[in-house]
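Going in written order, the chains are labelled A, B, C and D, and every chain counts its residues from 1.
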Amino acid sequence: MLNKTYTSSLEALHDVKDGAVIMFGGFGLAGIPQNLIRALYEKGTKDITVISNNPGSRLGDNEYGLAILFKAGRVKKYIGSYPTATKSFKELYDAGKVGLELVPQGTLAERIRARGAGIGGFYVKTGAGTLLAKDKESRDIKGEQYILEQPLGADFAFVKAYKGDFYGNLVYRYTGANFNPLMAMAAAVTIAEVEELVEPGMLDPNTIHTPGIFVKRILKGERYDRWYE
Amino acid sequence: MIAGMNEKEMAQRAAAEIRDGDCVNLGIGMPTMVLDFIPSGKTVFFHTENGLLGMGGFAQKGETHPDLVDAGKQPITCIKGASFFPSDISFAMMRGGHIDLAIMGAYQVSEKGDLANWTAPGMLPSIGGAMDIVAGIKNIIVMMSHTTRDGRPKIVRELTYPATGYGCVSMIITNLCVMDVTDKGLLLKELANGVSARDVLSATESSLIIPDTLS
Amino acid sequence: MIAGMNEKEMAQRAAAEIRDGDCVNLGIGMPTMVLDFIPSGKTVFFHTENGLLGMGGFAQKGETHPDLVDAGKQPITCIKGASFFPSDISFAMMRGGHIDLAIMGAYQVSEKGDLANWTAPGMLPSIGGAMDIVAGIKNIIVMMSHTTRDGRPKIVRELTYPATGYGCVSMIITNLCVMDVTDKGLLLKELANGVSARDVLSATESSLIIPDTLS
Amino acid sequence: MLNKTYTSSLEALHDVKDGAVIMFGGFGLAGIPQNLIRALYEKGTKDITVISNNPGSRLGDNEYGLAILFKAGRVKKYIGSYPTATKSFKELYDAGKVGLELVPQGTLAERIRARGAGIGGFYVKTGAGTLLAKDKESRDIKGEQYILEQPLGADFAFVKAYKGDFYGNLVYRYTGANFNPLMAMAAAVTIAEVEELVEPGMLDPNTIHTPGIFVKRILKGERYDRWYE
C-alpha cells in the first residue's frame, strides 16, 4: 500500500535543514522544480549548497527560479556550469558572499550519474590541461590526457517532471528532462513535483524515464508559470 | 575599420560546411543564426546541449513551451524525426565523438588551434558545455569578429585568456576571412569582399600562410 | 538425512523479510519462488537485472511475449506501476545502492559472510549480475540447501570456491535453519521443524553462535 | 534527404569482414537482433569476436540466437557475462576452441556505455578482490576497494528495437531494451533491425530511447520468431 504522495510542496520539504546540500533539476527555466524552489524560499532554509546547471535564469529585467534563493542570501555555495547570465549570483560572487565550484556541463551530468550508479570516479578528456583541472589527477590514456572526476551526490534532489504516479515513476517532456533524471538517482532523498499526478498503471511502463525506485516523495505542483508568450 | 562580412554572411558561410545528414552543435549567440541557412534538400540535425537533436527554428509567439528551449534558453521548435534525451546522453553524443561538427564563438584562437571562450580576467567564469564540446567533437568551426571591439587581434600566437581546449579548432570564420587550422599553421582560405590579405595580416597577431591566389 | 523446510517453505520464510515498499532483486532458480509469498497489503517491487522493476508472476500460455522475460529467461508479467529500462540503469539501481534487498542462491557462504556462487573447479564460469548485486545491495539473503547433494557443508570457515564478494551476506536461509551473519560470527536464529541445533552443527563446517533458546 | 534504410539484413551487412568485433544486443532471447544474426550466419563471416550478455540461449532441447554462430565455428572469442546455459558454447570452450572474457553484467553494460560516452575508464567495487579483478588496477576510495574498468567498443553493433524510423530513431518494448541502447552508442557502425519501420515524425520525440545519431543503418526485420507459447 505504498504511496509516496505529499499534498503540498512545503510539506514535502519538512525535514530539509539549514546547511543542506540540494540538487535542482532544470536548464535555464526548462524543467525547474519551481514549486519546490518557492516552498524552500518560504520555509526560510539557509546556508544551502546549490547544485544546478544555472543559479536561476534571467528573462528581460527579471530573474526567476533559483535566483530568489540567491537574492535572499540563502545560498552558501553554488556548484554548476553556467552562472554568468544570472545577475543576482554575479553580485554575490563579486562581493565574496557565495562560493563557486565551476564544472563543465557534461562532467556535471556525468558526476551526478556516477553517484547514482555507484561509480567511484571516471576519466574524461574534458578540461584536461585547463584551469578547471587544476587540482585534479591526470592520466595518459592511449596518448591522450584525461582527468579523474569524482561522483557528486546531495542530501536532497528536487526534480520536476511532466507526469508522475504515486510510486514516483516519472515522465519528462521536451527539453524538460535535462539534469532531472540524473539528479533523481544521486540524492539521499529525491522529491519530485509533477504537472499531472496519476495512479500507478496510468503511465506506459515502456515510456517511464525515471523509475520510482529513485523517488522518495512526489506531489502535484501548486502552480506552473509560463515565462514565454 | 574594414567591415567585411556581416553576421548573416558569416552564418551562411559556416552553413556551407555542413553536409547532408550531419549532426551539428550550435553554440549560443551568433552561431544560432546558422539555423536559417541550410540549403533545402539537406537533412541536418541540430543538437542543443540541453537535450534535443533535431532543433527547428525559434518558436513564434503562441507556439512556445517553457520546457522547450535551446542552449541559450530561447524557446524553439523541433523537426520531424527529432528526439529528446537527458543531459548525460546529450554529452555522451559530444564526448563520445558522435556529433559531426560544432560551431561556436570565441574570445581568442591561437595559431595552433587552441581556443579560449569561457572566461577572461575580471569576469565571472562560466563554462557551460564548451569544454565537453571541444574534447569530443573533431570538427570545430569558430565564428567570431576578427578583432575585439577596441581593435585588438583575437587570432593570436599564444592564448592570453584561459584555454577551453588545445589544438581543437579546425576552421575560423571571421568578418574578414576564412582560415583553416593546419599542421603548419593558419592557412588563409578565403577573403571577404573588399578585404585584402594585408588587411587580415594587420588585424591578426599570429603568422599566416597566404596562398599566391590570395596575396 | 534431515529434510527440514522444503523449497516453498524456505521461499515463504525469505518473503517474511520483505517490508512494504521494498525493491527486491531475485536471483535465478529457487529465489524466484519468493514471488508467490508476498502478503496481500504489501507493495513490493521485484527487480530483474534485464531491465524491469515491478515483475509480476510468470506468464501463462497465451500471455507470453518474447521480449518480456526475467533474469532466468522465463516469460513473465509486470504489475501496475512497473517500469522498463536499459541494462546500465538496471545495474545503477544495484551498484548505486537503490535496491533494498537481494535474495540469491549460493555454492558456499563463509562465517564472515563471504559468498561463492559463480564458479567451481571444472565448471564453465558464468557471473551474470551476481558480483554487481553483492557490491551494491546492502542486504543480501542467501537461500540454499544446507549441504551439497553429497552431504558436504556449504557453510564453511573459509571459501574453497572462488568468491563472488566478501562480507556481503547478511542472512542465510537453508532447509535446516535461519542464520544471521553478525560481527561475531554466524548466529543461529531459527530451526526448521524437527531440526535440532546439533543437526545444524553437524552439517556446518564453520562455528556457530547458538542462543540458549535453541540449544 | 538522409535515409538510413536498408532493404534486407544481408545488404546491411555488406562490409562486415572476417575478424570483425561485433556487439549483439539482447538478454537470453529478449531483444536479440535475430535477423541480423541469421544473415551473418548465411554470409559465412568467420573469426568473429562476439560481445553479448549470452552466447545464445537454450529453450528445451534447442538453442537459438547467437548459438548458431558458435555451433558453426565462426566465433574466435566471446566477451560476456553468462555463457553457462549455452551448451554449444560450453562444448567449444571445453575443447579450447573459443576464447572467453568473462565480465560482470553491470560492468559489461557500463564499459559499453563508457565507450559510447567518451569516458576513458571508471572505478567500481564490483568484483574487487575476486578472480575477475586479477589483472586490474585497484584503488582505495574512502576506505573501500575499487577496480579500474576500461571502455569496450566494437566495429559493429547489431541491435534490435520494436519500432524505428528512417533516421535511425529507436523505441524498445518491455525488457527488449537491455544492452541494445548501450551497444548502439559504442560501435563504429551500428545496424538496427526493427519490427516496425516508420517515417520520421511518426514516433513521439519524447519517447525515443535511442536517438538516430547512434544508428548508421536500419531495416525492417524479415521474420520474428516467438519462442514461447
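Criterion: a residue touches a chain if its C-beta (ideal position, glycine included) is under 8 Å from a C-beta of that chain, and two chains touch if they have at least 3 such contacts.
Note that this is a predicted model, so its numbers are computed, not measured.
Asks: Could you tell me which pair, A-B or B-D, is linked by more C-beta pairs in contact?
Replies: Result of the comparison of B-D and A-B: A-B.
Asks: So, what's the distance in Å between the C-alpha centres of chain D and chain B?
Replies: Each chain's C-alpha centroid was found; their separation is 36 Å.
Asks: Would you kindly tell me how far, in whole Å, the mean C-alpha position of chain C lies from that of chain B?
Replies: Each chain's C-alpha centroid was found; their separation is 55 Å.
Asks: Take the average of all CA coordinates in chain C, do the same for chain D, and state the distance between these two points in whole angstrom.
Replies: Going by mean C-alpha positions, chain C sits 28 Å from chain D.
Asks: Going by the contact rule already set, what residues in chain D reach two or more other chains?
Replies: 110, 113, 117-119, 124-125, 172-174, 206
Asks: Hey, what residues on chain B touch two or more of the other chains?
Replies: In chain B, 84-85, 88, 91, 94-95, 135-136 touch at least two other chains.
Asks: Draw the chains as points, connect those that touch, then say whether the picture is a line, ring, star, complete or other.
Replies: Graph shape, chains as nodes and touching pairs as edges: none of the named types, so other.
Asks: Please list, in label order, each pair of chains that touches.
Replies: Touching chain pairs, listed by label, are A-B, A-C, A-D, B-D, C-D.
Asks: What residues on chain A touch chain C, complex-wise?
Replies: By the definition above, chain A touches chain C via 1-2, 113, 115-119, 165-167, 169, 185, 199-201, 205-206, 208, 211-214.
Asks: For chain D, which residues count as touching chain C in their complex?
Replies: The contact residues of chain D facing chain C are 27-31, 53, 57, 81-85, 89-90, 93-94, 100, 102-110, 113, 124-132, 162, 172-182, 209, 224-229.
Asks: For chain B, which residues are in contact with chain A within the complex?
Replies: Those residues of chain B that touch chain A are 48-52, 59, 61-62, 64-69, 73, 75, 84-88, 90-91, 94-95, 119, 123-132, 135-136, 162-166.
Asks: Across the complex, what residues on chain C touch chain A?
Replies: Within the complex, chain C touches chain A at residues 20-21, 23, 41-43, 45, 47, 53-54, 78, 80-85, 88-89, 91-99, 135-136.
Asks: Could you list, by residue number, the parts of chain D that touch chain A in their complex?
Replies: So the residues of chain D in touch with chain A come to 110, 114, 117-125, 139, 141, 144, 146, 171-174, 206-207.
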